[in-house]
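Two complexes, one shared chain (chain A), two partners (chain B, chain C).
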Partner chain A sequence: MSLSLFLHIVNLETKKLMSYRVDFWITMAVNLVVNLVILWALWTAIFSESGSEIIGGWDLPGILSYGVMVFLTGRIVRGGDLQMTVATDIYEGALSRFLLYPRHYAFTKYAQQVGNIVPDLFQSVLMGLVALPVLGISSTTAITPLTVAMSIPTILVAHLLFFMMGLIPQYIAFWADNVWSLSVMLRFVTMLLGGAMLPLSLFPEPVQQVLHWLPFAYLFEFPTLVILGKVDFSQWLIGIGTCLLWCLAIGSLSIPVWRRGDLRYTGVGI
Partner chain B sequence: MIKVRDLRKVFRVHQKEPGLAASIRSLFHRKWVEKAAVTGSSFDVSEGEIVGLIGANGAGKTTLVKMLSGIIHPTSGEAEVLGHVPWKRENEFRRQIALVMGQKAQMWWDLPGGDCFELLREIYQIPRDQYQQSLNKLTDMLGIGDELKVQIRRLSLGERMKMELIAALLHSPRVVYLDEPTIGLDITTQRAVRDFLLEYRRENAPAMILTSHYMEDIERLCERIIIIREGDIVYDGSLERVIREYAPYKQLRLHVHRADQPGVDLLEKMGQVIDCEPGSICLRVDREKIPEVAAELLRKFSVIDLSIEDPEIGDTIERIMAGSTADSE
Partner chain C sequence: MTRYLRLYIQFLKFSFSRAMEYRMDFWFRIVMDCMFYVVELIFFTILYQHTDMLGGWNYDQVLIFVSGYLVIDAIHMTVFSNNMWWLPIYVNKGDLDYYLVRPVSSLFFLSLRDFAANSFLNLLIAGGILTWSILRYPGELGAANLLWFLFLVLNGSFLFYILQMLFQIPVFWTHTNRGLLTAFFSANKLMERPDKIYSKWTRRILMTIFPALLVIALPARVLFDGPDPQMIGHIFGVTAILFLVMSAFWNLALRSYSSASS
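Moving on to the complex of A and B:
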């Protein structure tokens, strides 16, 4: 796929989403308020009950910053929550259109997903600017221009990994008509094991050891730790490299699944 | 340009009995049946030819088109389109074909036509000059230049179909599949689409395969038709030949003075009586006997008016689709 086509699709997807202005602003405002209230209520209660200043390496403003940042980066990583788009294309027969184009389907879908990042990125920056100042100053985190800059490639690679991880479950739609439940399950698993609900450092040690060998942490926790200044440069490089290796491995696994599924595709649908 | 040899497609379909108990049972055990959608089709299509693919719903027309455009894989058999095996989906092949599906919107619903076409220009890597020239020409031919900035979902059905046609033809494909391109359109738009397709064929000479339930599409656009019944090709030839082979008779309509009404016995000797009202008769007569029967009627009765008509092609095709053979007619 040429870069110009990739950018063209990204541009169109962005325009498409931005054209629904009411939805765009309401989604942002509701998400921000709901998440801030939940985070504040939950962690204030936990810290006051425990009586500790630091829990698992986080103080209260730090853990609140983690909660906000993992939510904001997670929105970008998930790329507009389009994880059902491939399965829907298969189920509804919309895949047929893409199979006619002289371009690879998965690349086209990936470009669409990236296009969905742009509004999320815009919203996330706005939300961050509003939310972070009210959370207080943390002694356990340090957001700097360098950590923000490092977080950009980290989030992009995490987004690619999230896209890749969603492909195989969605290709199951070639065999099973509806894979909604599988997708919901994947979403919960990735969010829980990826640190989107709470930092993985709060998990029991054996679980952390297991998670170390799995790709989930690179989806949500790693980009958040990068932006909060809790990852040094060498750890960052290793993290990016590992994430890319996971992308390669999962992408390679998805190819035979696609090929087998493609043989079963009937092109029928709504 | 298109070669098809013994192409078959069998689908495995899940069968579920009605009712809650059956639904619960199907969670644990499913009954599958094999359904042959296309059973050994063979034919060729040349450059510049428009072939009408005709058949009842579920006859296998769309499945055949999907295989030839590379969307689905066949169960067995061979096909070659522009020297490529369609379902291998080589980019070189896909750059030279197009598929228009009347029942399924293929454009981006939320985008204006102009944006969709720009995207297609990138997808097919059409040089800017050639793209602009093609777009101007196609929009002029279809008269929808003003709608290019309107979101597809806000267009009328007719305008959407015109956009679909432009989207399909922008890259100047050498093979075009049209799956019910006029379905649901009003008569004026149907005519505009047909005229457009004829003009496009005159200028570009692509091979076209057209499926349609509208006989006017077939009569206006196709010199050759392929009739499919239950996945099987039962006729492949010219429109004229289908009449000769499957309707070897003509209808003779006669108006006579009521006082001079011929008797049914006499009429039945001449042909099959379709209608016999006082003063008005309709006979089905073998083609070779027409001159003789007409002469005899004119000689024996005081005829006010006499007309000889070919049977409706739609009726003939409908009978073939329903199972008639040339011999049975």
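Moving on to the complex of A and C:
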């Protein structure tokens, strides 16, 4: 695996994304404002109407911090969202070009997706600096330089897992006419079961037990809990290891799908 | 008017026959939308495990509110969504020329041409969920309230289309509207929550400048609290004004359009 080639692709992809700067800033501003308004309105209403001070192990500032942090880390993790890139390569025959490259197709695509997260990372840090000071001090969370440092590898591994999970639905494009809906389905499921919409501690206990054995929590909830200081060092190591195992398992599943699809592929007019 | 109706029937025939060409995608899209419905319903069900009321509504009321939103989303996906997808592509590739020279309103043609037949099945499913949530409602809703609600849901779908168009039309000048559209879809989340959770000033903004609450939250209030003439007048007034603004904006955009092929 060539690191310089990988970094070169990352650099190219970042530059491509940054060429639409108005889009970049509009998206950032609106996303931040809308998410803060909804988070604030929803959770203040729930805490006030339920009369509880702690819900699912969170106080109001804590759950607001969770909402903000899961949104910010989620943006980076979802930078691995392939959307339709692989399927488009297959449909339009652009895959032929990648097949001639000296590196595996998935390697090139992953490097491109890492390039996608650089602007997201920049936006997330900026948004965090604006949003977090206004949320108040929570008794249920503790963001420290150590938790921020621990969250960086966690987010990167979560990004890899998200990329791996997106590969198989995209490879289905070798057989199906349109796989856009499969990718969107995957996004719905991961957002809900990964804790991007709500902390998983709010789910009923039996559901939490089931989710513990699935990979979704490592996408959004785990990196957020790490940054909020709710995961100790040993839990962090176990979490990272489990996430890497899921990457390996899902990556292994994608290999036979790729091989079979590759045999079916015909690039016309290249 | 009859000419437009006949034209729309042709759009429908063409869309259904085309949808059946890609059968796997047809079913994928139906499952995808069903999954969206399930996720929305689960989200509120989990919230109500921790509170009895949200924005003054109990679980039964919020189910009707969410189902109403799902119906509006399904109408949008069926009638407008594909057309919204194609519009920036037509503008940037110069394909808009073909639609501008036709002897019908370009806005009508470009907004309604592509009917999503697969989403039509989802519209039936969303309608079923709404019917179920209304039938299981333990209180008395009243026929007049219900009729007003259904009428306002249709108005909400139209308003949703107008709002999206207002975010689409700048593509005539900017050539990429990815940022604006992402912003629009992000702002949509504001309409998926009960209106009373927002503070006074936020509600004012969401009822006038970006009237997201008029799409489904206020129609649901009409259903539960009865038809308030002032509220209904406000909903129709804002919709009419925004439609006029959108039409003027569309005409202005067409004047700025320079075909890519000319």
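Rule of thumb we're sticking to: the second predicted complex is superposed on the first by the 263 of 270 C-alpha atoms of A that agree within 3 Å, B and C clash if a C-alpha of one lies under 4 Å from a C-alpha of the other, contacts with A are read in each partner's own complex, and residues count from 1 in each chain.
One rule holds for everything that comes next: a residue touches a chain if its C-beta (ideal position, glycine included) is under 8 Å from a C-beta of that chain, and two chains touch if they have at least 3 such contacts.
Everything quoted here is computed from the prediction, not taken from an experiment.
**Q** Mind telling me which of the two, chain B or chain C, contacts the most residues of chain A?
**A** On the superposition, C touches more of the residues of chain A.
**Q** I'd like to know which partner A:K16 touches here: chain B for first, chain C for second, both or neither.
**A** first
**Q** Touching A:L99 in the superposition: chain B (first), chain C (second), both, neither?
**A** Once the two structures are laid over each other on A, A:L99 reaches chain B alone.
**Q** Between chain B and chain C, whom does A:G267 touch in the aligned arrangement: first, second, both, or neither?
**A** In the superposition, A:G267 contacts chain B only.
**Q** In the overlay, answer first, second, both or neither for which of chain B and chain C A:S234 touches.
**A** neither
**Q** For chain C, which residues count as touching chain A in their complex?
**A** Where chain C meets chain A, its residues are 22, 24-25, 28-29, 31-32, 35-36, 39, 42-43, 46-47, 49-55, 174, 176, 178-180, 182-183, 186-187, 189-190, 193-194, 196-199, 202.
**Q** Within the complex, which stretch of chain A touches chain C?
**A** Its residues touching chain C are 20, 22-27, 30-31, 34-35, 37-38, 41-42, 44-46, 49-50, 52, 55-56, 176-182, 184-185, 188-189, 191-192, 197-198, 202-204.
**Q** What residues on chain B touch chain A, complex-wise?
**A** Per the touch definition, chain B meets chain A at residues 11, 66, 69-73, 89, 91-92, 94-95, 97-99, 101, 104, 106, 108, 110-111, 115, 118-119, 122-125.
**Q** Provide the residue numbers of chain A that touch chain B in the complex, in ascending order.
**A** Within the complex, chain A contacts chain B at residues 2, 4-5, 8-9, 12, 15-16, 19, 93, 96-97, 99-103, 262-263, 265-267, 269.
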